[in-house]
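Shared between the two complexes below is chain A, which has chain B as its partner in the first and chain C in the second.
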Partner chain A sequence: MTAWNLRPIASALWRNRTGALLVAFQIAIGLAVLVNAVYIVKQRVEKISRPTGMDTANMIFVASAGFARDFDYDASWREDIATLRAIPGVQAASVISNIPLSGGGSSSGFQARPGETNPEKTVPGNTYLIDEQGVDALGITLSAGRAFEPQEILPPTPTFDAASQAIVTKAFAKSLFPDDPNPLGKTFFDGLSRPITIVGVIEHMHGAWVSWDKLDHVVLFPRIKTGPSAIYVVRAEPGRQDAVMREIEAKLGDSNPGRLMRWVRPMSYFIEQSYLDDRNMAIFLVSVTGVLLAVTALGIFGLATFNVSTRIRQIGTRRAVGARRMDIVRHFLVENWMVTTAGVVVGCAGALAVGYWLSVKYQLPRLDLYYLVGGVLAIWLIGLLAAWQPARRASAISPAVATRTV
Partner chain B sequence: MFGYYLKLASRNLRRNPGLTALMIGAVALGIAVCVMTLTMYRALSGNPIWWKNDVLYAVTMDFWDPTEEYFDSKPGVPPWQLTYRDALAVFASDIPKRKVIMHKAVGTLSLEDRQARPERVTTRVTTTDFFGAFDVPFQYGGTWAPSADTGPEPVMVISRAMNEKYFGGRNSVGERIRWNDNEFRIVGVRDHWMPLPSFYDVNNGSLEEPEDVYIPFGWNAALEIYSAGNTQGWKAEEINSYRDFLNSENIWIQMWVELPDENARRRFQDFLDNYAQEQKQAGRYGRPLNNRLTPVDQWLVDNDVVGNDDRVLVGLAFAFLAVCLLNTVGLLLAKFLNGAAMTGVRRALGASRRQVFMQHLVEVGVVSSIGAALGLALGGLMLMGLRALYTVDPTDQGGTQALAQVDMTSVATALALAFVATIAAGLYPAWRIGRIPPATYLKAQ
Partner chain C sequence: MLEMNGISKIYRTDLIETHALRNFSLKVGDGEFVAVTGPSGSGKTTFMNVAGLLESFDTGSYKLDGADVSRLSDEQRSRLRNEKIGFIFQSFNLIPDLDIYDNVDVPLRYRRLAAKDRDQRIKSALEVVGLSSRMHHMPSQLSGGQQQRAAIARALAGDPRFLLADEPTGNVDSLMARQVMDLLEQINEMGTTIIMVTHDPELARRAHRNVHIVDGQISDFRPYEPRAEIEAAAVAHGPAPMTMTPA
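Let's look at the complex of A and B:
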């Protein structure tokens, strides 16, 4: 006889195995879902909370659409930019070709050598056209070099033109010149082999598409966006975003009948939109998994309660012949632990199988084994908590019960 | 007998209200989560124009970068859009019954007298067959004549929503309206139409709402309209004018054809292959011949309209349902065994196993019906919650709004699911209780 009296507990359990098996199955499914859900949620949360490199909390975007035939785009953007920069609480304002992290944008391939034909040596970059206040308005940090000078800003073209100077992210420069730690002043080339000189290096910045692995490959050019639609990026002083947005609406709203002010929106709007699917997936997984575990815990609780209620006489008898209350509690907790562990063993296999299936079928990264260990511990704990109350109730049964008929 | 069983069931269930509530709750939760995910999944994965699956085809041609595949993960699948010049060349064929070349743009809608506020509108620049090919309903009027496609004539179809905004919902056919400050004449008002997923243009997600206005394809060249959907190029080309852009290798046009029979399909495929051969000989195509006519079913698969997340969620919903049902089986079993003494008495008094089985199955039926009804209601609530989760800007009338509309098929599926699942869950406990030898429990008393 072992100190824990495992054998009689196991044999008592085996007599009423159906209920125990059902609960074990629930635990197995619960563990498989829990481990994989937590793993997926962790990836999504990490993805959403990556640093963007920009001052997103204070940025505002403004969109205007010129539509009248006599609309003068050139005069309009100059006037708008002057108005925006004069608003109190505005740190900087720039014309910009697209909104970073919005899921809409433009990308091109660049090369370290002119006329490169090897597609593997073409480095893609999210491209944006900005003016001399662009760097400041985006709130990005330059680790080397400088922002654009006013005289460098080129006029809009009817086509998708770049420029001969650029500010690029460190990540982009590293892909382009893997062996060179200091890309400042170096020249790279667009698809038509036109040279572009790096005048500034951005520490870190996100581009257009949040699920793209080249999100941090950003190239800024000194040029005004092509009309007649304009987008402006405005950076407000900390805490003044709302006031500045109201002021922009008031100042630009009806300033020109030949164009439509489409909207004034905080940067957070676009980020939320872009990460909506990831965020919702995380919310969904957390809530369903939470309820699933709660249902499983109820199942464990139900089984333990049932076991206690059908064995009142036996418990009374055991107490009458000398078992302490602790022994009764221990009996039920150990019994429950056996059921949980049976479920956990099957559940581990299930978790690994689901993880493998997800990685093969949906290209998700392979399940990390730490998560399995964590999941097992969590399930054991849940099992213990769920069985605690019925076990305590069992221990409260009076030895006198043994002498009565139920 | 059924009425008597029903009475017994209700009495038994009321004896332990906590346990009964737990069972009903478990069934309801499992059903609700399944209803929600299945409705979402159906909205994303169904073929919204299944009745045309054997006549409607997306036209794709592979003239992408000779050194690279278009889809890394799906080698051999051509890009989903065409270049402007290829689209025009293929459009010239008179084999298809209907042929659509189109893209999405944005424009500003205004009235001559500036009475209504100008409005930024999504615009489909398309040939007239769009409406016939996709069975688009009209509230007033209809589409324009084929001759207006290339003319192009200043004619326009507007959506019901725009018609309400600008003309108070009256019949506006014949009215004038301005698009980017160019005068157009309204020839038709499109009625409510929300195909889910929005299969005909997969550039901007599968929950995209149909466009506000429609104008003839020929206006591209006349008004220098660029795509607001997706423009992609693989070739470094000098582009200095809109003309250059139209002649470039940039892809931005979607093409669909309606081919009434197999014969037409084969002839059109030959036509495509011949055209591609000619272009290859002229030195343009660097890739192997790969022109496809893809029916909608396959189109949705090729373009990953159903995301991986959605499939994972459906799997999760069923795992959840399984746990809920296992739970219910366990609870039912415990409950039935608790009442075994009474069953023993009934058996001893002459009730057959079959009758005991039936009696307990009726009890299961009561639990499952209440659970399923609650589950459906709860599922509806969850769908509304889901809609809130997917709405960033409440003024946006995106396709996600349609997610909250539980259609009849989904309800029927859910009901069948609820019925089968819970009855299946109840079968074992009901059978088990019927097997109990009456003597055991009579003795214990």
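Let's look at the complex of A and C:
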């Protein structure tokens, strides 16, 4: 370790500590922010990229609003659905009550036993009304049971949207019947204690609200949405989404003068809207962290550059008495490493404190220590890179400056 | 010990070429004490830099300690400087952020000597220059003469074959200058070859031999009679250890 000169470098550094301490402080803040920001961003990215259970890449939603006084909702949706199903490239189309992952929808509480009064045993579910092609149009996978049959589809009701049959997600069934691995055929009850039989189990599906922890509690009923506004879900064959959307606009746009085609939108539109806050937060944190790291790197670079330019003669003297170029590079990298490490030590404490505060204040999961280790390595690397150029410059100083500089 | 033949060194800037050394040849024997004199700008420092492997040269050959050193890599030159050559600078060149002990330690660390060995060398070098009691002082806490003695300790600690001093007394008063000179003589007597640039005729006279440089070349004209010749003349025996090759 002799040639690393740790002790003399440290003691010389300590004699000129003001600038070094400022940079170390900057590094500490940089580390604390970096680690927590990356951790939060990672959680947001994970949230955004969770599997939805649906074939979101090929789904299209269509909204129609009947406005004419003599508008015949029943005839209208039947005609629209027939038209949609006849468009080439359409795999399936269904009337649907709400758009999953759109931030709008309906939910109800359900119970395993009729007349259950314990609110803790009421299991909430995102409810959707679909027709016999609904399962296909959503692109969901049934792990047990079957989709609805055409004759099971009930007409719209203005009152309550339940039915006596349902297709539910595994997660919903598990909450309802925690001890029963096979819920198919079992009966559960709505808020009015009306029995509902499970005819199909969905492997996994997301409901309406992306930040709700019961997002994967979904209950599908065989019923047509109440008019006069209709929403249709259409699933295109892979790669044909755009063509199908154009075709829908052309076919449905003026097929019925009694209603307005409000929009035709891909599923991705709604997902983007729902995750906008999460995305913006992630982008914001990444930008702020990036700027902070750039400023930190600049601080390290500035300190190293200053140290080199104020020590030209010292460097020449070291070279004259036998330091190789490599020794000079190492001298400055070691010195810089000491500064970053001082910052890193303080920064670790800061990162843990910020992480603790976030976890208490925003109920975020506690900071994962791997992130701290990663952050420390990243800061060390940034420090090395930032000091590299000044260190190289120092090593290029000629030993002759020892005799030439006064 | 040192043998230069037909060395030339040209500094090129955008405007002019300076021939700092022209066809410069010089031999210095083992254990000699040579004083280099000459007017300002004549090439003394350039000669010292070339001799000390701080700078390269354009033509000619240079043998140091019997080995050709004209075509060495930067790393090999660093190593030779570290092991064979000690430098003493006009403005001391102590590192201001290190105490005297650590300053003397600098070349020893680059030689990767073990801690115990370094400690011994540092202490005995500081003893020789009479600064043992000041080893934990910072350079700024010492007088100019003391700083120069500390710098001499740094040059000595590595046991160099060969000591190069460019106006070592240029920044100290005449009393201190004499002390520094005493010290150099003492070191020379222990066997170290010394080449010293000086403007002080009195100090130059104390060397074995004087080399006078004018305009990048060794001049025949000798302004001072060096001690060795005076002694040789007086005692009339013992050949002066010098070989001067005027260009």
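Just so it is clear, the second predicted complex is superposed on the first by the 402 of 406 C-alpha atoms of A that agree within 3 Å, B and C clash if a C-alpha of one lies under 4 Å from a C-alpha of the other, contacts with A are read in each partner's own complex, and residues count from 1 in each chain.
Just so it is clear, contacts are C-beta pairs under 8 Å (C-beta built on N, C-alpha and C of every residue); 3 or more make two chains touch, one makes a residue touch a chain.
Just so we're clear, the structure is a prediction, and the values are computed from it rather than from any experiment.
J.: Kindly say whether there is room for both chain B and chain C on chain A in the superposition, answering fit or clash.
T.: fit
J.: Just chain B (first), just chain C (second), both, or neither: which does A:43 touch?
T.: neither
J.: Is A:399 touching anything from chain B or chain C once the two structures are fitted on A? First, second, both or neither.
T.: second
J.: Once chain A of both complexes is superposed, is A:164 in touch with chain B (first), chain C (second), both, or neither?
T.: The answer is neither, since A:164 touches no partner chain.
J.: Quick check for you: in the superposed arrangement, does A:5 touch first (chain B), second (chain C), both or neither?
T.: The second partner, chain C, only.
J.: Applying the document's definition of touch, where does A:65 land relative to chain B and chain C: first, second, both, or neither?
T.: After superposition on chain A, A:65 lies in contact with chain B alone.
J.: Given the touch rule stated above, what does A:341 touch, chain B (first), chain C (second), both, or neither?
T.: Neither partner.
J.: May I ask you to name which of chain B and chain C touches more residues of chain A?
T.: The partner making contact with more of chain A's residues is B.
J.: If you stack the two complexes on chain A, which partner ends up touching A:277: first (chain B), second (chain C), both, or neither?
T.: In the superposed model, A:277 contacts chain B only, not chain C.
J.: Just to confirm the value: shortest Cα separation between chain B and chain C in the superposed three-chain model, in whole Å.
T.: 10
J.: Can you list the chain A residues touching chain C in their complex?
T.: On the chain A side, the touching residues are 2-3, 5, 8, 11-12, 15-16, 313-314, 316-327, 398-400, 402-404, 406.
J.: Flag every residue of chain C that touches chain A in the complex, lowest number first.
T.: 45, 48-49, 52, 54-55, 74-75, 78-79, 81-83, 87, 89-91, 93, 95-98, 102, 105-107, 109-115, 118, 154-155, 158, 166
J.: Quick one: which bits of chain B touch chain A in the complex? Just the residue numbers, please.
T.: The touching residues are 19, 22, 26, 29, 33, 65, 67-68, 106-108, 110, 114, 118-120, 180-182, 235-242, 244-245, 307-309, 311-313, 316-317, 319-320, 322-324, 326-327, 329-331, 333-334, 337-338, 386, 389-390, 392-393, 432.
J.: Give every residue of chain A touching chain B within the complex, in rising order.
T.: That would be residues 18-19, 22-23, 25-26, 29-30, 32-33, 37, 40, 65, 67-69, 71, 109, 117, 119, 158-160, 190-193, 257, 260, 262, 269, 272-273, 276-277, 280-281, 283-285, 288-289, 291-292, 295-296, 298-299, 302-303, 306, 309-310, 358, 361-364 of chain A.
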